[in-house]
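In order of appearance the chains are A, B, C and D, and numbering begins at 1 in each one.
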């Protein structure tokens, strides 16, 4: 066994640490109902060229070490016959482009799914006037606005990835929605990515409730 | 005791395994509020001619081994004086018709109950444009539609079963609603049946929220 | 200590069993948010003339044995200096009137509170066409209707109790609402009282959602 | 170590007790989703001149002893290099003004956030006719009304604190909202502060649902 380990292109101890962090956090997100029906996928940078990512189709409320695999910055499996999600490219493009991205979280909550459909035609959701905007790294006031982009859904990942690249070219971004699908959010490490994810989820929930109350700022 | 076991028409070890799987999964579903007031029932195929199924009237959040009994493909109790649900026939007809059905889950969530009433007159709910449609076995894209049937409620099980047979004749199906009552979903094994159940529940919750937002595609 | 116990007018072992049953069940109800801000109260018949009931003002999510006391059928404390809720009379009147009432549960959920206000002027809520109506003892079909009474709120307990007596004179009843306040439900034992409570809560939640969807049968 | 402890201006045993109380209670509030994205802050009086308070930016669902620090009645850190929230002044002003305030809880739930925006222009929310109004210390009937103030949000804490002082001058108060931000509630000890917090949260949830049902008393 030591010989096999020695031949791996990554540090297996580092994989164990990253897998553990993913398992603990994703089980908590699953318990909130944000990963229905084995959907959603999650990743963590291990080193400059390797990413730990969830294996496709696993129940996110019951993740174990065997449900986490390694891919490279092109999203290709490394030293495994396991298969990651079709959307792996949407993870790896963020790690490849930004050296300081350390964690990418993709969930499918009801609020994310419904908001993405309501604002698909408009192309973005304006989030404005909430104290929780301070949760996004670099913000220190509620007195600003964020436009969360909504991309059309597609099963063609290179096409989706190209749309994301265009968004990233346009300015700083903490996340985006895909129509009828869910949210991508990221950060330098797991706590930061999770803080961004929780802030987007909360603000989308607020916007949907403001709309139900007939008082949304960001109407379609 | 060995003599009694030897005379059973099924493998008691297999029953223990199936009962355990039902107990673990149903307790999780109960914790989400999908089985209010001892409602709902759940089954798992043991072998070609026997089904493990929940005993009638038990609290689904507290299931133990004694709450699981055996019925045959006609829904008749096997080697027990326990009583299964009045709706046992709706389980056994699926196992009898399809060799590859391994698990049937019937729940009573608020979303299922309300959606079934809102769409009863129309007879079905169109689910369209959601990434989560990929959760249904055989689907690989969001770019399709599923019509989830809604049957009128009845306490006459042979009559209800005959309506289900007609639905099954009409084409492939992953589940159906009964008006004011709840959802039936199934699959080849417990994880697949549960994935289908979770997907239907999530998509019905999305449709109800889209309606509250004045933006449902599938309006009554 | 044996002498003190010997002088008690009730069986302390029976109190321990009833207290345990109350604690386990009420903690579960509290976890669902049905007992906000130390509200709600719960009781269980110990013998023909004694009732175990929660002490006033305790956090229902953290109940321990010391939070359960004994009252008689007039609602007076027995062999204790603890104080039960101001609403104790609404419990004891049910035990005094019906020999087969074994458990009374009073909760303050959001659905109960809001529904009680929406239907206060009408005086009752019609629950009709739901499979879950079968959860009420004596019902075997969804094809019937229940009118859940809504009483005006009052801090005058004898006055409230007199209104309840009039309701009980009028016919069989499984529970009632008090305006802006909450629900009383009961049964022959804890599982039955809890099944009735869960059924009312679920059906009120369905009715509120039907109203939000513009489709309530029982409109104000 | 004894020498270091001896030189502290507060009793470290008392800090340990207060920290424990904060940790247990705040984890429960976090589990309800009232502290999204590391928001919210919580404090407990240790003695006449010291306050235990949560360190800025910590995940409230995972609080440990190291996440609790000490400040004085001006909100300045005592014997620590840790940093408390920018809003520490809103805690310390309550302890400085009222000798009998023992606990201050500040949360960011969805209901608090949305209600604060809907009623910001009006400046307060009238809570009336609910039994749960009895949860506020000093109230013994549902037959009264509370006006929960809503202050404009600001990152200028002395300015916000001055507005709160004006509110406190005007009469007895159990809490206030800040627009797009959240709720402050307090009490003589943790159980009382928590009871007030839970009562406000519940009553705001009821008011939002009454509005969705087209039946709010306190419309904008």
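By our rule, a contact is a pair of C-beta atoms (placed from the backbone, for glycine too) under 8 Å apart; a residue touches a chain by one contact, two chains touch by 3 or more.
In UniProt terms the chains read A, B, C, D = Methylthioribulose-1-phosphate dehydratase.
These figures come from a predicted structure and were not determined experimentally.
Undergrad: To get from chain B to chain C along touching chains, fewest steps?
TA: Between chain B and chain C, the shortest chain-hopping route counts 1.
Undergrad: Which contact partners do chain B and chain D have in common?
TA: Output, common partners of chain B and chain D: A, C.
Undergrad: On C-alpha atoms only, rotate chain A onto chain D and read off the angle in steps of 5 degrees.
TA: The C-alpha superposition of chain A onto chain D needs 90 degrees.
Undergrad: Since chain A and chain B are copies that touch, is their contact same (over half of the numbers shared) or different (under half)?
TA: Different: when the shared numbers are divided by all numbers used, the fraction is under half.
Undergrad: Could you state the distance in Å from the CA-based centre of chain C to that of chain D?
TA: Measuring from centre to centre gives 32 Å for this pair.
Undergrad: Please report how many Å separate the Cα centroid of chain A from that of chain C, as a whole number.
TA: Measuring from centre to centre gives 45 Å for this pair.
Undergrad: What parts of chain B, by residue number, touch at least two of the other chains?
TA: Within chain B, the residues that touch at least two other chains are 212.
Undergrad: Is the chain-to-chain touch network here best called a line, a ring, a star, complete, or other?
TA: Shape of the chain contacts: a ring, since each chain touches exactly two and the loop closes.
Undergrad: Tell me, which pairs of chains are in touch?
TA: A-B, A-D, B-C, C-D
Undergrad: Under the definition above, what is the set of chain A residues touching chain B in their complex?
TA: 33, 36-39, 59, 61, 108, 110, 113-114, 117-118, 153, 155, 178-182, 208, 211-212, 220
Undergrad: What part of chain C is in contact with chain B in the complex they form?
TA: 28, 32, 129-132, 135, 140-143, 191, 195-196, 198-199, 201-202, 205-206, 209-210, 212-213, 215
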